[in-house]
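Paired with subunit B in one complex and with subunit C in the other, subunit A is shared by the two complexes that follow.
Presenting the complex of A and B:
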């Protein structure tokens, strides 16, 4: 498989604070990758290290196979980057700003730019300073989409945007997927927003990667399971490591199975809990999986 | 606009939910033989789903012979064909068995289940 982004034991410290810790992450070309984690998990630091805005204390990262610290204009011309707190030249009018950006990108597509401006309903003759936050983000997105980048990096693109603007934003992002070999990297703490959009998800907490997996596979192996036992067990029941948040009260046992499979999963549960009379397994949303993993991680760390 | 609607639920793969919605639209007559079927791009944009997922949906629908791709035109809805022996077996044995077991587990009476099936059958035509 070809990877557009790789990191190898990437570590970044700010003083004593470890922002990312031995992060190894590979992102295949052609996917929409959602990089999820609570605030302060290390998402932005990772992105900044990838984009050569920050230099790591240890480890390496590559983009398009090139070491992040050696990224040149050739690579940057194929990367679109929009960040939540991006600094824009606020004194420029939107039209002027886009023209200014255009000069840096040989692949700038005027027709596509016009189409996006119309779709996003952005006024060209107003200064960026006078635009709302949502409008400004949309202008930044247009300036990063118009050259049809092969890699689009979005750092918390949805925070502070109203639902309508979010929707426009997502359809704008989907426009570039026509480009060949495109990849999108979205960091967010808003799980619901990216659930349908992404095909791959990485979950980071306290600078460490907990999951890097295809969303479908992840959702296939996670289940809320509720087991009813024929009679309440005398002593404490022990649970295998792949059952998270396991609880037992009287004749009910509840847990999150992280290795569930249609038939084999049920058999395994029966063999571990021989007294069971009923098994109910329920699918979980990405948000629920995220919460369970984050809690687990917190527990194992303390 | 795309000719079927999906209300996404958590915990079920997106492609399964969309394929189910398409089948429902075909059975209920909202989508008929020869009707144009949305492209990967339209589906991805309208439903705001990953284009790879939309591609997978089209591939699976073609495999199940629910839609066919006409070069130069796009995809259209196929004629509802005769089921293969295997598909008949799945519905009449595997799926029916699952339904009966679930119903009995919840102490639903045989008459009630048959009535429910008849109701849904009526809606489908």
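Presenting the complex of A and C:
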């Protein structure tokens, strides 16, 4: 399998604080990878290390097979980067801004740019500083899509956007990526929007990668399980480590099974809770999975 | 792809108003250099006002350079993690070349041309004009370099201004401390005082000129090296340490440099007896 992004034991420290901790990650070509994590988990730092904005303290990372620390204009000509923190030249008018960007990309597609402008309804004659935050993000996205990058890196692209703009943003990305075999690396807090886009998810906490798998597989193995017991147990029930957020109220036991399998899962639950009379397993959204995991990380850390 | 032109064009567009102001000041200054003396020849008031006005215009020009240079450099900053150009296919080397071409072309070459034009219009012989060129180049370049340096280690104009004012404040504080020290312990400054008596003022003056030239050349060479290093590596902490080290060397140069290569004409050299007197004076 060909990988667009790889990291090997990547570590970045700010003084004594470890922002990225031995991160090993491989993102194959054509994958839409969602990079999730609580605030301060190290998502943006990882992206900045990948984009050669920050130098890692240890480990390696590559983009298109090139060491991140040696990324040259040749590689950047194939990378689209949109970040909530990126400082755009606000004094420029949108039209001039796009023209300015065009001069750096040999693959810039004017027709495609016009199509995106129409789709996002961006005024060309206004200065970037007079545009709303959402409009500015859309202008940044157009400037990062019009040359058909092979890799699109989005760092918190939805923050501060209203639901309508988010919808336009997501459908815009979905529309343009449907036909192209682009790799997208998206970091966001907005798990619902990410779920619509991504086909693979990585969850990071305290700089360490805790989960890295396909969303479908993740959703297959995560289940809200509600077990009804025949009689209330005399003492506290002990739960295995893969059952998260477990709670017992009288004859009812609720937990998130992180290793659920359709038939084998039920058998396992029965063997661990012999008094059970009924098992109800319910699928979880990516948001629910993320919240459960984030709570678990917080609990483990404290 | 050639990135020089788009970046250069962008910077010119961004700074156009300031550049126009600077150019207007340059024109006024040149005009005063050419016609000022003739106009003021019969007018006492003008004779008083014109030199003051020239100084004021020079001050304004300098001020504009101090403002334009950081705006030019920081439109694509070398510090921080949020600059737009970091993730665009803009090479560090071409970007540096663009900024240097812009600053040198405008504030050194254009300013030099204006001065040469004034010299020519005033009928200076070509020999003297040619001799003045290196001096003008060194003066103008060494004036820009410190502000360029400050701009490459700061992300925004506000930070540039704060750091600049802080450095100035520390510098003034050190001078005040030195003067206080001199007042409290007169021995510290005695030797220096004796060497600047009217008796040997000429030598002292030319030595100071030599030191100034050496310092300016050092500022240009060392400063350029640091600017290139920061532009290509973006290792700001090391750059700041480098600047601090350079600053110390600059102070040391002023104190330790003894070679007076701006020689006093032979006729002006004091006679032997006179210099012997000076030795005696020093011993005392």
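FYI, the second predicted complex is superposed on the first by the 296 of 302 C-alpha atoms of A that agree within 3 Å, B and C clash if a C-alpha of one lies under 4 Å from a C-alpha of the other, contacts with A are read in each partner's own complex, and residues count from 1 in each chain.
By definition in this document, contacts are C-beta pairs under 8 Å (C-beta built on N, C-alpha and C of every residue); 3 or more make two chains touch, one makes a residue touch a chain.
Predicted model, so just to flag it, every value in this text is computed and none were measured.
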- Query: Who does A:54 touch here: subunit B (first), subunit C (second), both, or neither?
  - Reply: second
- Task: Have a look at where A:30 lands relative to subunit B and subunit C in the superposition and call it first, second, both or neither.
- Result: first
- First (subunit B), second (subunit C), both or neither: which does A:74 touch? second
- Scan A:43 for contacts with subunit B and subunit C and give back first, second, both or neither. neither
- Who does A:88 touch here: subunit B (first), subunit C (second), both, or neither? second
- Message: If we overlay the two complexes on their shared chain A, which of subunit B and subunit C does A:106 touch? Say first, second, both or neither.
- Response: second
- Query: If you stack the two complexes on chain A, which partner ends up touching A:206: first (subunit B), second (subunit C), both, or neither?
  - Reply: neither
- Note on the structure: The shared contact residues of subunit A with subunit B and subunit C are none
- In their shared complex, subunit C is touched by residues of subunit A numbered 48, 51-54, 72-74, 76-77, 79, 81, 83, 85-89, 91-92, 96, 100-101, 103-106, 153
- In the complex formed with subunit A, which residues of subunit C make contact? 1, 3, 5-6, 10, 13-14, 75, 81-84, 86-91
- In the complex, subunit A touches subunit B at residues 30-32, 167, 170-171, 174, 177-178, 196-199, 216, 219-220, 278, 282-288
- Task: Within their complex, state which residues of subunit B touch subunit A.
- Result: 8, 10-15, 41, 44-45, 47-53, 105
